[in-house]
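Take a look at the structures below.
Next come two complexes, and both contain subunit A; in the first it sits with subunit B, in the second with subunit C.
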Partner chain A sequence: MKSNLNRIEKGASGDALFRIFGNAADKLIIAVLLGSICLFVLYPIICIFWQSFVGETGLTLGAYTDVLKGYRTSLWNSLFTGVLTAFFCTVLSVAAALVISSSRGWVKLLLMGVILITMVSPPFVSSLAYIQLYGRRGWITYRLLNISWDPYNCWGVIWMQSISFVPLNALFLSGILTKIDAASIQAARDLGAGPKHILLDVVLPLMRPGILVTLLLTFVRSIADFGTPTIIGGRFNTLASDIYMQLVGYSNPAKAAAMNVILLVPTLLAFWAYRVMLQKSDKLTSGKGKQDTVNLKLLRCGIVGWIALILSMLFFVMMVLQYVCIFSLGFMKVTKGSYSFSLQYLQQLLKYDTATIWRSVIYALIVSFVGTFFSMLFAYYTERRNVPGRRFFDFLVMMPYMIPGTCFGIGYILAFNKEPMKLTGTALIVMACMLFKQLPTTTKLCSAALTQVPRTLEWSARDLGGGRMAVLRDVILPSMRPAFLSCFAHNFSSSMTTAGAIIFLINPGKKLLVFQLFDKVYLGEYPMASLLATLIIVIVLAVEGLVWLISWKEGKRRVS
Partner chain B sequence: MYLELSHLKKQFDGKDVVCDLSLTMEKGKLLCILGSSGCGKTTTLNMIGGFLTPDSGKILLDGQDLTRLPPEQRPVSTVFQSYGLFPHMTLLENVIYGLKFRGFSKADARKKGREYLDMVGLADRAGAFIHEISGGQQQRVALARALIVEPKLCLLDEPFCNLDAALRVKMREELKKLQRDLDMTMVFVTHDQEEAMILSDSMAIMEQGHLLQNDTPERIYRNPANDFVKRFLNLDDLIWTQDGKLMKIISHQM
Partner chain C sequence: MKKIISLLLVLVMVVSVFAGCGSQTAPETTAAPTEAPATEAPVAETEAPTEAAPELSGTMKVVATSESYITLFDKFTAETGVKVELLSMSSGEVLSKLRAEGGTPSADLWFGGGIDAFMGAKEDGLLEQVNFEASEELDPTYKDAENYWFSKGLTIVGFLVNNTLASELELDIPASWADLLNEQYGGEIIMSNPAISGTNYGVVNCLLQTMGEEEGWKYFEALNENIAYYGRRGSDPMNKVIADEYAIGITYLDGTIDALLEQYDVTIVYPTDGIPYIPEGVAVFKGAENVDAAKYFVEWLYSNDENLALLAEIDKKPSVKVIKPTMEGIDLAYDTSILVDVDVALFGSQRSAILEQFEILMGDKAVEE
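Entry: the complex of A and B
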């Protein structure tokens, strides 16, 4: 009784505050949200376009003609890599998705575990393992098979990109598989279709829009990826790796900006097609009510089933090899060609890099909390309230998802390198860049959670006398608890692992773990690099596990 | 007997959902399974269709033991509660899908498909996709798709529950006519008492996994097995006249 009274009193005083400041606070929140989106998304993008047209003498197309003339091979390489990667990666992803959703029990747990680890891995891990396993002195190519070959070429790039984009795609595709209406599959069986025909006549056709989406997204990711070609491309350059070189080596922002705009054209086209496809996919798969996952016995699905099984086994075996390699390499030392266990690198890391570790974690935590809160508010105001220019802002928020990370980062350099907004070199610009780069995904997560909250809930809060702030505080935020967890997890792992967007924003004196890792890979210090990669994975898993545990306990407390 | 269910049992997580259910029906008849929500109607139907295996008991159809056959090998077809139409195929492709596994040539299949679409009054929409037609039309496509394979037994799980009252009455008549014309044996699940009374040759009334009574509507009306059946069917409000008319009393409080 007493605690009840207390609660009411506290609530009442809070509401009194809100009664006075309520509407003003509401307006203030909108202003802050929209203002910061303009400042940190719209303005940098404008800057890139502007810069690409301004030469020393005024408005020209000079930068563009330069790029198109000088980088024709790179442009061609980008498209070539993009198309092939998209194809191989999609085939592997479909196979993996089919295997994941048709497996049960511990096999499924194992597969999901592998996928989870790859999702929280920094981007250079595959390349690192590639060199270590298949390189000139590779464990498999040199030590086991005793062949010597040059691994630094375009096929290595294509292969590595294909492999490292699979997990995300496989997750997306198996999500689509769970949404297939179980009744259509039952109906097919009922009419006489065996497993093979169910796969070919029902499951694959229903996945088709999803497969096209995968192709497009992979293409976009491939042409934006600068790490893989830089590390294992050798003399094979793509536009993305050229942009990186351009900024690191020659620092010609006009040229880099023009290159980015060119890179943006196929990306935007791909995204336009993506939206069309996604709508189609939603139309085909709108499974409702309780769903059993598609229960396919791939072994009985004929040749296609076998291919899917073999391909995905290949993929999972390579993934396991990759991580065994990464996790073990950091704890070994070589003496006269033989390996032995050693903590030498760990000691070295703890001696010189503790500041970097802490900095990375703290940045990521700040971005996660602020970003999650930001996206919840933004999702609420755009979904539920009549914010002026709502569609425009929705589009703006999606922009960082579409444009390549390096491009977004260059926009920040151009936008914030002069007074009165001189932010380059500060921690703020780095965190802002991370936050807005991740905002598209987290707002989507929050919007999805919001659609589960019936409007009547909101109305009843107001009906019972709460103001707009009360709705936000008592109805919206609490009901987005599940979204909080997934947003936070996404924010944290991305912040710990993204490199592209912030690589040029980082102050050399204040490195983050990912860059330390990139440097080590680039310099060929593979054991140290492996240890750093392991450390990042462990930190992300630990923090996310902790957050999950806390919210799970909290949930249990509330129920009882 | 044409269809014979004997001592069917099914448990979910240790809970009896269908307990010792035995039931028979003749060829060319329509049986309605009636009962309140959650009493095990869908579960029973799924066992006949082969989507669930009974824990014990037997299912015989036309002398053949179906109990352990997978659905694709049973001479039974189902109209699902949510229709289960293929969203990526046209109406015609949906209807003729089952013929693919019965040795039909493409041309023959299409010809037969058009006949069945005509039968359910949708011949002119053959090329449309599922999301382009209304709920009532989808219902008819599902029916045509199930009937075209000429099953020995057709199962329908609350096929009219997504339709409005007027359309239900219309579809009810059409279904009855189709069933008579094709001399089809059907098992029809519903929890609408009126629908069951009108449609069925015999009614099976279930409660919490048990079969309470299985008989013709008129005999159930005259001799309800127990109080539950009487209340469930609202028998006090029904009058079955000597000349075979069924009348419903709707009391209107002033």
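Entry: the complex of A and C
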């Protein structure tokens, strides 16, 4: 940091031009940030709203009355699934987080490895693996345990959603655990508390705000998820799967839009609650503690510790099975009920249109770089600077998280199908849609990272004569490097795996891998779908690993 | 840390293997379209000097039901020099996208999918009229009277039965639509939601026409009792049956289904009390960027029996012969009299009413008071 300040000093004397233009650039950045949010988030959402009022004979509330009367069951199902998924998923996430953060050595490495791989979750394929493993004739349920049960119902959906949302949550919660002040655990121990009481009376209460945030975010994610109920819901419909059906089957965008607006009501409530919780959570865990391992022996924590261990082991075993299943399905051939190893599908894959693979990677890279810088700048301007209407923009940025992807994509077509803003059919619209769909998560990651940068550092840079741009260039951006990595990783893997939002935006000649995957699932070519999913996972891990490696080396060089 | 790094290195190596394999094939795939016109264009000129439209150029964007049609479009590229970009999309998706795009479609040609969607698109004014000489040779039943859409074949529908499950559950192999109502099949039949599957929409519309409205709806009410669930993807019935998940699937029947017999222990049933069908459409989007190329493609396809034969080979079914009865060199494996006798025009006009009632029947939507 010292060298940075030196640079600012030098900049103050030598680089006066930079300062003068710096202020103009500062204004320009604000304008670009807020302008593009209006254009790519607010405007498409307004278009969706507008669509929901357009009937055959002018403006009408017909779509709303139709949805409220006809699809009350689906709405109820959405809420029911959302609440239960949020509950089960949070329990599993807390268990997994406790186990991860209290383990050490190779166990921790292994668990983190599983979490990192399962963070890359290509859509639909997990549900297919679920049927393969736990279906009516599933490998585990029928062949191994010889029980016949029907997984195509609401419990299948709830269970599937619960385990597939765990990785991100567990990572978030274990992050909170490492921030818990080690001194408070030490103090409790000094006062004679056993491990059981430390867990129940110190650790869990400190996690409470984080747990609430997990509950709410999972709830929102669950009610916006259309893929799981579509594939394993059977006769069970949620509003999100109905939206998908309205778009893909009934071709009725107006009704889909109205359903979306209705679905926004519980989502907005959850988000309002989330904002309140998050502020509390920051206060509780803003302790100076920074430790890799929470000093807690779960085995000695009594029943609760055991439950946490068993649940997380259950989760890890299921995840490993699921991904092994995804990986292996691509190499299996069924002939009259018996499985054999086959490279047939791999050969098909290798004959694949490689342009699609490169296009997917390039799109994802562009989205990741632009998106990450966008989120960093946005986080800085909304957190640290008094930008007019920042609460409103902060809210706007969260909107794409609350809208099922398919509808967000339709909003983009509605918004950008006419001159002078005709973007349909271009690569730009696809990338913009990915970028803004992921912005909610990445801006939150950056805001969180920003809280670690003391304001005083910024002020001292200003006092030393650094302009606003200099502060941004020399203080804020360098100190957000850890956030850069997590944002980049999130952006990249989401860009490679988001299907819903871009199904309608993809055009002939501009195919992406995830679209191919969706298509294979749709056509029922499951082995190919599995191989494509594997390919996506490998690419994402490789690229993220590479970026991590580069930044790690860079960091090491700077330190030395 | 060292472990992580070595793990990453392994990953990088794996990817470079993938990339390596990729770059080996890359030149072939990218070179094909550019090389082909150069070598084969003269042939096209000598073959049909009067028909080749010299002003054709650029790229034709196609939305099709499958990517397997690429060989047909490759032939088109070789003969005309027009590059083709193909995207696989279901007809419901195409229609939604078209409606949202508000008259600025991002594709030129629509190839395949239930004819009902094409009829709906014509009603909405989203299609372009294509007049050409050979259109008079096409059976008027399966094309639009004003040439806004054409058919490329017929999807015929029957049952696929899983023999292992049938014997385990002691089920008889059903022979007819009437048989499916038998109690023994309760919860073992799977069909796709007719809103999403042109094939299953065809079943509903055809049976309603042959049985009559009242009897027909009674039939589906009763069938509903035996249906496990309505798949949200067209391929669900076939897939669930071959995966041993459900015993009976109501599915399209063609050469690809015949091919399943080698790999799976299944039985294909052509219902004895009538085989429902639905034509698959071809149309050009109005206001598209390369309307000329798309229009010429339609003419090119139907004017040359060789092209139609190639299409039949890709589709693994001979039903183009029904569409163009004058066509030579292909035999229809079945007599058209086994197909139900229905009015194709009703596929489009009845669509929304039927789907709405079916949505209520399935229990997806409550009855409005």
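Everything that follows uses one rule, which is that the second predicted complex is superposed on the first by the 431 of 560 C-alpha atoms of A that agree within 3 Å, B and C clash if a C-alpha of one lies under 4 Å from a C-alpha of the other, contacts with A are read in each partner's own complex, and residues count from 1 in each chain.
The rule is simple: contacts are C-beta pairs under 8 Å (C-beta built on N, C-alpha and C of every residue); 3 or more make two chains touch, one makes a residue touch a chain.
This is a predicted model, so every value here is computed, not measured.
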Original post:
Once the shared chain is lined up, is A:A355 touching subunit B (first), subunit C (second), both, or neither of them?
Top reply: second
Original post:
Between subunit B (first) and subunit C (second), which, if any, makes contact with A:A240: first, second, both or neither?
Top reply: neither
Original post:
Touching A:L191, do we find subunit B (first), subunit C (second), both, or neither?
Top reply: first
Subject >> First, second, both or neither for A:V213, with subunit B first and subunit C second >> reply: neither
Original post:
Of the partners subunit B and subunit C, which touch A:L546 in the superposed model: first, second, both, neither?
Top reply: second
Subject >> Of all residues in subunit B, those that touch subunit A in their complex >> reply: 49-51, 70-74, 76-78, 80-88, 97-98, 100-102, 131, 142, 145-146, 149
Original post:
Across the complex, what residues on subunit A touch subunit C?
Top reply: 66, 69-74, 106, 109, 113, 131-132, 135-137, 152, 230-231, 233-235, 237, 241-242, 244-245, 247-253, 333-337, 350-355, 357-358, 410, 413-414, 417-418, 422, 424-425, 503-504, 506-509, 511, 519, 521-524, 526, 535, 538-539, 541-542, 545-546, 548-549
Subject >> In the complex, subunit A residues that touch subunit B >> reply: 181, 183-194, 197, 201-202, 205-206, 208, 283-285, 288-289
**OP:** Please name which positions on subunit C make contact with subunit A in the complex.
**Re:** 3-5, 7-8, 11-12, 14-15, 18, 21-23, 25-26, 29-30, 59, 61-63, 66-67, 85-88, 90, 92-93, 95-97, 99-102, 104, 106-107, 117, 120, 164, 193, 195-196, 228-230, 232-236, 238-239, 242-246, 263-265, 355, 362-366, 368-369
